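My questions all concern the structure below.
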Amino acid sequence: MNTPTYISRHCLLIALLLALFVLPDPGLLSAAEATPAERTADLEAYLNNAARSANTAVNVAGPGHNAWMMTSSALVLFMTLPGLALFYGGLVRRKNVLSVVAQCMGLACIVPIIWWAIGYSLCFAKGNAFLGGLDHVFLRGVDITPNGDYSTWVSHNIWAMYQLMFAIITPALIVGAIAERMKFAAVMLFCVLWLFVVYFPAAHMIWGAGGWMNGIWNADAPIKSIDFAGGIVVHMTSGWSALVLCILLGKRLGHGKEPMPPHSMVLCAIGTGMLWVGWYGFNAGSAVAADGIAANAFVATTLSAAAGGATWASMEYWLRGKPSILGLCSGAVAGLATITPASGFVTANSAILIGLLAGASTFLACSKLKQWLRYDDSLDTFGVHAVGGTLGTLMAGFCADAKINPNLSTNLGAYLGKTLWLEQVKAALIVLVWSVVATVVIFYLVRAVLGTNRVDPETERAGLDLAEHGEEGYNE
Amino acid sequence: MKKIEAIIKPFKLEQVKDALQEIGIKGMTTTEVKGFGRQKGHTEIYRGSEYTVDFVPKTKIELVVGDEQIEAAVDAIVKAAKTGKIGDGKVFVSHVEEAIRIRTDERGDQAV
Amino acid sequence: MNTPTYISRHCLLIALLLALFVLPDPGLLSAAEATPAERTADLEAYLNNAARSANTAVNVAGPGHNAWMMTSSALVLFMTLPGLALFYGGLVRRKNVLSVVAQCMGLACIVPIIWWAIGYSLCFAKGNAFLGGLDHVFLRGVDITPNGDYSTWVSHNIWAMYQLMFAIITPALIVGAIAERMKFAAVMLFCVLWLFVVYFPAAHMIWGAGGWMNGIWNADAPIKSIDFAGGIVVHMTSGWSALVLCILLGKRLGHGKEPMPPHSMVLCAIGTGMLWVGWYGFNAGSAVAADGIAANAFVATTLSAAAGGATWASMEYWLRGKPSILGLCSGAVAGLATITPASGFVTANSAILIGLLAGASTFLACSKLKQWLRYDDSLDTFGVHAVGGTLGTLMAGFCADAKINPNLSTNLGAYLGKTLWLEQVKAALIVLVWSVVATVVIFYLVRAVLGTNRVDPETERAGLDLAEHGEEGYNE
Amino acid sequence: MNTPTYISRHCLLIALLLALFVLPDPGLLSAAEATPAERTADLEAYLNNAARSANTAVNVAGPGHNAWMMTSSALVLFMTLPGLALFYGGLVRRKNVLSVVAQCMGLACIVPIIWWAIGYSLCFAKGNAFLGGLDHVFLRGVDITPNGDYSTWVSHNIWAMYQLMFAIITPALIVGAIAERMKFAAVMLFCVLWLFVVYFPAAHMIWGAGGWMNGIWNADAPIKSIDFAGGIVVHMTSGWSALVLCILLGKRLGHGKEPMPPHSMVLCAIGTGMLWVGWYGFNAGSAVAADGIAANAFVATTLSAAAGGATWASMEYWLRGKPSILGLCSGAVAGLATITPASGFVTANSAILIGLLAGASTFLACSKLKQWLRYDDSLDTFGVHAVGGTLGTLMAGFCADAKINPNLSTNLGAYLGKTLWLEQVKAALIVLVWSVVATVVIFYLVRAVLGTNRVDPETERAGLDLAEHGEEGYNE
Amino acid sequence: MKKIEAIIKPFKLEQVKDALQEIGIKGMTTTEVKGFGRQKGHTEIYRGSEYTVDFVPKTKIELVVGDEQIEAAVDAIVKAAKTGKIGDGKVFVSHVEEAIRIRTDERGDQAV
Amino acid sequence: MKKIEAIIKPFKLEQVKDALQEIGIKGMTTTEVKGFGRQKGHTEIYRGSEYTVDFVPKTKIELVVGDEQIEAAVDAIVKAAKTGKIGDGKVFVSHVEEAIRIRTDERGDQAV
């Protein structure tokens, strides 16, 4: 067994014979075997979430980190199902509630298959600066050994599952903008193409090792952007695409004339609670370890959510005398979306500030900008996620702090507190433009395939649930 | 026989029912309805959008009574349902030609 | 303190005096005290979820593993409450929603008391090949020290709580088959007896150390079956019993004549989301550690659920032109139930295959077989759980892979990839027959005690909620 | 690197030259550097949740413990949002459902801001025996390094977030008593003042290092009370304040005359399930580690919840022939609230006993005492939480067992099994009186500021949702 | 033309509809209502509080028929809705002056 | 006085209400109903089971008007509710003997 061999080698000079009784033959000890010090250091590395030595005896994942990442993966799935399904489902009219649920569930069933087949590989296999390679198709080589590019103490396949949950919720966010009028088949087809054209490249460029805009880990990245848990990758891509899609698709019949109140603010509020709870998996989980960075992200997430909700409701109280439940819900979600890119990088004080700005800006976007521009973003995917995600991306550039996240010093020392925000603007603009253009192209492509992206007017009047799914949300 | 239809404020239902029971009315049928009238509705705001809801929740009571009970019933309803505030509702009376109790096939005044 | 004593013992030959100042008296060091190497090895054992040395200084559970198992226990309870209560509750008619909720909650309140008193002991105390002994009645001896028979790094009492959650949800699954017509008292009494006659023996035989069919851990098991998280123990026992019970009980009044649509597909969909999320505790938790096997189970669970949902919905789309929400929900649950026995044994590719077969076979069972055989399994406990559980048990036999789970090599090397499926068939058949026979007996026993198992027709017409519980699901 | 230096120092006497090649210069090794034995001991301390050595190389939190505490924090938030919001929201009338949700969400948005600014500091910064100091205002100094006063292996800021979740749910519990009639602004203002006057001092006195009644950790505490997870701090403060508040506020219009049935027992039951699941974070999380004490608390929580639910329902069955869903829900919540102060101190057998007493006493309080005293505690905050919390506090005094929680021996050896219950009575009485008096004062203060604490009768008739929030719970 | 209003037990709706279809009735309108009558309601208990609910769920069917169909229609309803137990409901018949089919502007008997 | 009962498609309610307001109608009462008629229902499938739902959601409008307004009101309704597609609904007119405003005890034409 591994004994403190080199010490004993000195002792051998004096007590060779005796030593032979109790020590393993030093000649049998290859140079590659871990010394006791190395072994202890490896164990310390587990606690510190640091890299282990090359000779490590523990080439597995660490239980604490794996436990947290499995929990986080479950939490992020919980955000979509039932979280987002309820948040969105409650906001549509009764006759369309199932269509929204079906879109969320449909994505939860289709995306994992794509992810297994090729999606994960295109995002996180080694490839070029813009897209991953094909090393990991069908999750080949994605096993329980940690993939050092993304974590030191979390199983590679847990990492793949964790990221899958992001690939499910991101297109599901788009659903909010086109609710109550887009065909189920068109939504599915659009989202699948969109994943390939927008999401996979964006995830690879910003989070992939060697990614073109991965400022944290890629020393050679031409654009040095940071995005802790998906301000650009998740909220900007989905939010800006949602805006374009809802404009191309046109307004709901009767929009602006007939009242279209939420059919159940209760469901919407339940969904909000679930989103908030699940978001801890989203943000604190993005540390890919149960370490100090996760702890900091947990704090920032909590404070920004609260500040966002409080701000939106306060503005309503101030402007209209009535704080609304939808205001509290929207503000909290805005606070969560906005802190996302910054969560593992900023202090508690910054988080409060970001939450405050999040609440105020999304409130204005949803209640003023939308009225003024007259697009019909049914459930405000743009107003909350694009506005929040974009703001948060910028704020991350201003507030990122190496005291909170030491990794910021590795490649970004020269930018931190200086021009990091400019890098953020660059990355945000590129992704924004790409999302917009891609959405236009995919929209027309889907229309060419399916004939139309919209349900016919009669179906829209009667509700999508019956015509598209043969079911009703509520019965006697 | 006459049919009385009364549109009243929902929270007055229990009182109206009690008043009718007191004068010996044995049956009635109620429906949740929405009324439009002088009483103003309300405004709901969801994010940017304001919706004016003109229709106010009301309860409709229908009862068929023999001709001799009609005055007493109407009075009972009006008295019990009154708050004096706008939106108290209406009572309408019309003629009914026939009534049948399904259980017994009884007809006319015996049926109600 | 524990210093590297045996090295110093050599040094003592030369520098005895000096050494005495700084080293503990070697005479005081008993042979049983752990050496530094052993101590390091014990710490490594925690990370590797391996057995610690006999002399260990850490005789407690490991925080990462305990954390995961507490989380998993909470997740499995979450599956029943509110998960299954919603999934089932949404599918019944409005007038019966509370009766279903009451049955789930009633079990959640009664089973823990039975488990504490004797249930755990009958399942997991040392006993004979068919039933556990009485060593652990009233949880005697079930404390925070790991029970080496079931885990090396998880507290014995956490293991007992984790398994309790399985004993709650298993009878609760049966509720689906007899919903809308069985008396509350009869359901409770039936389930309690059923636990003793069916569940406790099945759990002991398949999972108990020394169990008659515990192929993984019992080298002497006459039947070498494997069941990772409960395909036989949970889904087959409950599913086949459910079929028999609903036949014995008779159809709902108006079945086949009156429409009996789900009163709230929204509740059903929420429940499905919760089941899926909670199922990670069920399957990945069954590794009884946050280790690589848990990670593999997590992957298989995700992929099978998605493939199941996608398959069912696709078949509907193909046969009827409309993918339904209930189809997505049923398929996902079927995928989850079917992968359960296989989850910690199979590759990602196998999981996709199993999910596909799960979706297709349960779809056919629920929409064709049921119509053809004309039994009234109200919410398809048989069609989903028995069919899925049986299929999964068989597929586990075919697909189990020692690369995914090294424990398969310990006692099953000779069967793996060869006749393991035959062992699965044997175990499945035995449990199936036992469940069927026991259900018949218990049914008549309960009827003898209570006079009748069914509510009277008037109550059934008016709904069970009012008559049985004095409450209504929804009020003004 | 850290080699076993002191051993080699002896060897240096003999083999100095050789040693110089492979060992670090001993002159460079300060006395403060950790020895190998210390390093191993530190790693063992992580597993044992024990204090590390002063020279530790791992001054960070431990992943397993941090993972569990992040999970627990999320679970406790989940209890409020959506758990409590649903549990309470389902019990009010349809027209008031959103007002209850708004009060829960409003607190979830405001309390974190207060906590960040000053609340945490007043509770847990070093201060006097009655209130914490200002060292941690704006979470200053609350970073990822564990704060040894409260945990050895959990990040200080995770601890702060965990405790925040308690500060959110405690005032939210009060909401139940005054539902359906108190102004939103009044609820918010009342709760904020109440936190400062009642909650922060109570938390500091009982849980704060150096707290006046912190029997576990403060050797000098004049009152040696124990409160594992908040029987006094959470349930008694909120429950007794709720009673006073609902009396001062007056009854709901029509109380005792009009029927006021729950508008959705389904929502109430969903909420109950979420509360139960989340309560594992509340109780097992209060070990502030994923250790054996957490495991014991997990067991006690499960058994008491089940016994509480079973008892309440059995009493209904016995007295009225019908076990109700609300009975099952109320009993389970009562079991959970009552075990809270005792959860990490008592055996499984004691937990069953406590759950039984909990179910029986809260059943009587809600169905007899309330009728008799004729106060209008809308959703029985007093009947469940004050009665349960008070009972549990007392029972903790009787049943606390050092075998379950060794910390009880540190300062309480002389009281355990003897007069500990008297200390509990003292602490309970002081907090009870303080809560009552403070509530009266704050009530009149709020009324002075806002003119009135109640909505006007017309609003109360029409429902608070529309008038106070401009929204309706359900629409077409 | 006559208007028939029938209050029946909800689970009888399908049978009544079928019976009316058989005699050639082409249209009708139904409403969920709550009835008060000889049939007793029920009691609900929530924690300490007992509520007596006097109103029982019923379904109201309204149909306007030509004078010649009135007897057949009433008979069909009564027969199909009868269980013989208390609470079977009532049928009321009254006079209707005019009927218009919105789609075609047809009036009178053609409209129903 | 006459009572107008109109069964219309639910999404036409706002337009009908506006049309009636324009000709000076001050009040009306609406109910959610389910209609059976020439317009076909739909089929729902849950797992294996297919359910045909024959009843279509409709809105019923009731208003009592003075005799002189009756033609204008009927015309307004018919015009506003028409889509020309099957299922547009019906308007029925019948006689009302008395109307009382609960708030003021006013009777007859003043009450509506």
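For clarity, chains are labelled A, B, C, D, E and F in written order, and residue numbers in each chain start from 1.
The working rule: a residue touches a chain if its C-beta (ideal position, glycine included) is under 8 Å from a C-beta of that chain, and two chains touch if they have at least 3 such contacts.
Everything quoted here is computed from the prediction, not taken from an experiment.
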Any chain touching subunit A and subunit C at once appears in the list D, F
In contact with subunit C as well as subunit F, sorted by label, we have A, E
Taking shared numbers over all numbers used, above half giving same and below half different, the subunit E and subunit F interface sides are different
B-D, D-E or C-E checked against C-F; over half of contact pairs coincide for D-E
Per the C-alpha centroid definition, the whole-Å distance linking subunit A and subunit E comes out as 56
In whole angstrom, the CA-centroid distance of subunit A from subunit D equals 31
Between subunit A and subunit F, the Cα-mean centres are separated in Å by 51
In subunit F, the residues touching two or more other chains are 31, 44-46, 94-95
Residue numbers in subunit C touching two or more further chains are 4, 7, 11, 14, 36, 40, 43, 46, 62-65, 67-68, 71, 261-262, 320, 322, 324, 326, 470-472
Every chain pair meeting the touch definition is listed as A-B, A-C, A-D, A-F, B-D, B-E, B-F, C-D, C-E, C-F, D-E, E-F
Contacts from subunit C onto subunit A in the complex sit at residues 4, 6-7, 9-11, 13-14, 36-37, 40-41, 43-44, 46-49, 62-65, 67-68, 71, 75, 93-94, 153, 261-266, 269-270, 272-274, 276-277, 280-281, 284, 289-292, 294-296, 298-299, 302-303, 305-310, 313, 320, 322-326, 328-329, 331-332, 348-349, 352
In the complex, subunit D touches subunit E at residues 91, 259-262, 320, 322, 324, 326-327, 330, 366-368, 370-371, 380, 383
Subunit C contacts subunit E in the complex at 254, 258, 461, 466, 470-472
The residues of subunit A that touch subunit C in their complex are 1-4, 7-8, 11, 14-15, 18-19, 22, 36, 39-40, 42-43, 46, 57-58, 60-68, 70-71, 73-74, 77-78, 80-83, 85-86, 89, 97-98, 101-102, 105-106, 108-113, 116, 138-139, 142-144, 155, 157-158, 160-161, 164, 184, 267, 468-476
Given the complex, residues on subunit B that touch subunit D span 11, 14, 42-46
